[in-house]
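Look for subunit A in each of the two complexes below; its partner is subunit B in the first and subunit C in the second.
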Partner chain A sequence: MEAALRPYLATFSARFQLMLQYRAAALAGFATQCWWGGIHIMVFAAFFAGAGAAARSPISLAQVITYTWLAQGFLSLNPWSGDPDVAAKVRTGAVGYDRLRPVDAYDWWFVNAAAWMTARAAPRAALMFAMTAILFPLAGLSAWAWAPPADLAAALMFTVSMLLVVLLSSSIVMLINICVAATLTDRGVNSFVAPLAILFSGNLIPLPLFPDWARVALFVQPFAGVVDIPFRIYLGQITGWVAWAGLGVQVFWIVVLVGLGRLWMGRVMGRLQVQGG
Partner chain B sequence: MDTLRLLRRYFAASLSAQAQYPGTTFLMTFGAFAVTFIDIFAIAALFSRFGKVRGWSFGEVALFYGLVSISFAISDFLTRGFDVLGTEFIRTGNFDRVLLRPRSLAVQLIGYDFRLRCLGRMTQGLVVVAIASQALHFHWTPAALALAAWTVAGGVALFFGLLVLQATLSFWTIEGLEVANVLTYGGVQAAQFPLSLYAPWFRGFLTFVVPLGCVAYFPVVALLGRHDPLGAPDWFLPLSPIFGVVFLAASFWAWRFGVRRYTSTGS
Partner chain C sequence: MPQILVEGLAKTYRVAEREPGAWGAVAGLFHRRWRTIEALKGVGFAMERGELVGLIGPNGAGKSTTIKILSGILRPSAGRCEVDGLVPWVQRVKHVARIGVVFGQRTQLWWDLPVIEGFDLLAAIYRVPPDRYRATRDQMVGLMRLERLLGQPVRQLSLGQRMRCEIAAAMLHDPSILFLDEPTIGLDAPSKLAVREFVATLNRERGVTVILTTHDMHDIEALARRVVVIGNGTILADSPYETLRAGVLAERRLHVDFAAEAPAIDIPGVEERARDGRALELAFDPAVVAVPALIARITADHAVEDIRVDEPAIEEVITRFYQLHGAEEA
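And now, the complex of A and B:
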């Protein structure tokens, strides 16, 4: 068992450490996310300041603020595009080498996608936490800070949910990767998936702020599981059986998308064109 | 005239290069449209839940957003050469060749690549302005059109200036500067809402440091026929896009300083 897992662990740790080297990119990403988060929080605050506005929202301003910082900190865990390495391999023909490895091709790319996303997210989330959860309260800006989790149960469930986020996002990235391998370019599919992921994950605005009639549909679609569900669990905005249902939605989509990905990968790899020469 | 002919040549070359990959060009254009258009759903959702924000309606905010999007799309279309100056010209040493040619640097960099995908954001801006006009029952008189065009011109100048500044910095950093995206893409993001929604320090930044407010907020307030709730005098509102042009002039002044300091990385 351990021997069988070793190559996957090795590629995860290699890719993770490689991605951690991009410090300037991490700092630039952090700056962008601070700007973006700051603007959105000011806009949300303006909307909430209207007469009777707070009563019209199922989620409080303080919760929206923490939600926004969490979403910005963990932005890199969002499945906006395929793994650029896979796109490069498909373009150059190096995908042929991957076919020769004595490992499962799906798992190999999956582990790489997970490492690619978590290694980019970790430094950005740490910086965001340091600034908005530690420095802001110290500077007397508690009203605008990243607040601690609602309670211990929320914190534990949030941790589980974030692990599921990594799996769910990787399974979506895998579908994009396979599409890239089938079409030989990453341009097309990224153009379609990115807007969907940004809108339906809760990244643009928290999903509870969308109209109430859409609430259930938004909760059960796959993108809710990468932003909205874990963060609302963190906030204690969903608790008890609804929170468990949230974890269930995440698990459901992981199983479905991994199954779909494996099936499709088998077909695409069966008639793969290798470019280059 | 010689300059115009040269730009036309550059344009034709860019166009035929992109025509080689019609599918990719189309998808990139569509992507640029879709990824910017989704913002309108977020704005619409917020207005449908909360009603007006500080006295501003959905249509008014959409007008701010649509016009600044158009400005950015046009500027993005013209400034690709400045955007990739660090990675494509300075680090590779190609900038030496640009310097040797007997034509102005700006013209050569503008002509480097006219990307058709900018039409995606342009379309998005036009659609958002159409939605805004519909929501406001806005009557586009010739005077309103002229003011909108002047606003967009100021916006193009301002975003152009930001790209020139970014390019100037790369004379020292010798690489691309992702941080500069904060002010370009982030600037569009900030200018999509009325300034009066923001904290005073941020408003000050957007008026006096990077005058995004002058190419979006103030002229659009005039376009809407309102008085500025922040207290800017009425005569100032339609004049304010001039500060986009001033910003561009200042950026080129910094640019010339950078070019003088340039030392080649090539061999």
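And now, the complex of A and C:
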């Protein structure tokens, strides 16, 4: 078992460490995300100050604020572009070299994608937490801070849900990667997926703020599982069986998208074998 | 039973073609014309365990396609190919675990990782047991004198240093076959020598079977006992290096430095190739004109200061060979 996993574990840890080296990128990303988060929160504050908005909203301003800081802190886990390494390999034709490794091609790219995302998310989320969850309350800005989880159960479920986020996001990134390998460029698919991911994950507007008639559809689509479901669990905004259903939605999409990705990858790699890299 | 068996290997590609210019681009949106390219047309050869074969041919001849099929990257359109009893593109994972591949124009190491970490990662990917990995690695590091390079990120290495690391990297899982696709391309003379020496040692002492493609005939001269010449997707020759050389061009060259302005030499079977003041280069076939007789005739008629006989450069031999077979690059 351990021997079977060794190539993937080693690849994950190498890529993770490599990505952690990019400190300037992490700081720049953090600064951008603070800026974005600040604007989001100001817009939502103005919205909630409007007549009757707060009374009719299914989610409070304080919850939206925490939701926003979480979304900005974990932005790198949002699958809105393919793995740039795959794009570079496709462009230079080095995909052939990947075919020379005695590993499952899908799994290998998958762990690369997971490492690429988590290594970028970890420092940014830590910085975001330090600033908005620790410094803000100390500075008397508790009203604008990243609040602690609703309760212990919410915290535990959130942890599980975040692990599922990594798998779900990687499975979506894999679909983008395979599309890049099939079309030989990352431009088209990235610009197509990015708005979908940002909008339907809840990153732009928390999904509870969408109209009632769209709620169920939004809850069961795959992008909800990368932002909305875990963060609402954290806030205690969904609890009990709805929260479990949320985890179920995440697992369902992981299974479906990984299955789809494997099938598609097999076809694309088969075609590469026929047509040349 | 040969270790590598290739029979009737064919590979055709389809490439989209369009008329030149803007109108062609628009027309191409509606109707694509496809052109079929035959990269390989029935290539066949066999190799025994421990052999070292040089695969040569002009650009576009099908060398790299052959290597890519043998290593499992490409699937041929027709033909049979077995390496150690496995069909490369069918049993890919099992097959690639037993071979080492180096493409001179690409890197398999991680650009931003120090060499040693790239080696560690490869050992993990190939599931090499840790103690066996350490032994092989230390041996390779010693052979290739990589001690001082191990801590450097790959992007900081010179091409020659990198190529030494690349070949060492391809050997870490102790493959029984090594495919080297233009391993000396762009290298300076000392690096070329180091690579040749390394490959020769691997072949001789570890019994590694080697297939080497190159455009540098000195690689072939130094390493390959057997040469397979490929051109236009077919095998033009498969013979010992000496046979190839003797068969294609028995021609010798006579360089003469005269005491005065070089005279015109009119001897049947002897051709003037170059002249420069008092120096003259003559080409002749030793089977037609014997060397002692030729020298005797020239020195009898003229005052001569120096005289040398040599063979034409290997590049010339091979160019002549390609021309004879119509195998120049299209």
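Rule of thumb we're sticking to: the second predicted complex is superposed on the first by the 272 of 277 C-alpha atoms of A that agree within 3 Å, B and C clash if a C-alpha of one lies under 4 Å from a C-alpha of the other, contacts with A are read in each partner's own complex, and residues count from 1 in each chain.
Assume a residue touches a chain if its C-beta (ideal position, glycine included) is under 8 Å from a C-beta of that chain, and two chains touch if they have at least 3 such contacts.
On a predicted model such as this, the values are computed, not experimentally measured, just so you know.
In the superposed model, B is the one of subunit B and subunit C that contacts more residues of subunit A.
Shared-chain residue A:Val242: touches no atom of subunit B or subunit C. In the superposed model, A:Leu163 lies in contact with neither subunit B nor subunit C. Residue contacts after overlaying the shared chain place A:Ser191 against subunit B, while subunit C stays out of touching range. By the touch criterion defined above, A:Leu18 lies against subunit C but remains apart from subunit B after alignment on the C-alpha atoms of chain A. Judged by the touch definition given at the top, the superposed model places A:Ala143 against neither subunit B nor subunit C.
In the superposed model, A:Phe47 lies in contact with subunit B only, and not with subunit C. Subunit A residues in contact with subunit B (one complex) as well as with subunit C (other complex) do not exist. Within the complex, the subunit A residues that touch subunit C are 3, 6-7, 9-11, 14, 18, 21, 92-94, 96-97, 99-104, 270, 273-277.
Residues 13-14, 65, 68, 71-75, 89, 92-94, 96-97, 99, 101, 103, 106, 108, 110, 112-113, 117, 120-121, 124-127 of subunit C touch subunit A in their complex.
Taken in their complex, subunit B has these residues touching subunit A: 23-24, 27-28, 30-32, 34-35, 37-39, 41-42, 45-46, 48-54, 177-179, 181-182, 185-186, 189-190, 193, 197-199, 202. For subunit A in complex with subunit B, the residues that touch the partner chain are 24-25, 27-29, 31-32, 35-36, 38-39, 42-43, 46-50, 53, 56-57, 185, 187-188, 190-192, 194-195, 198-199, 204-205, 209-211.
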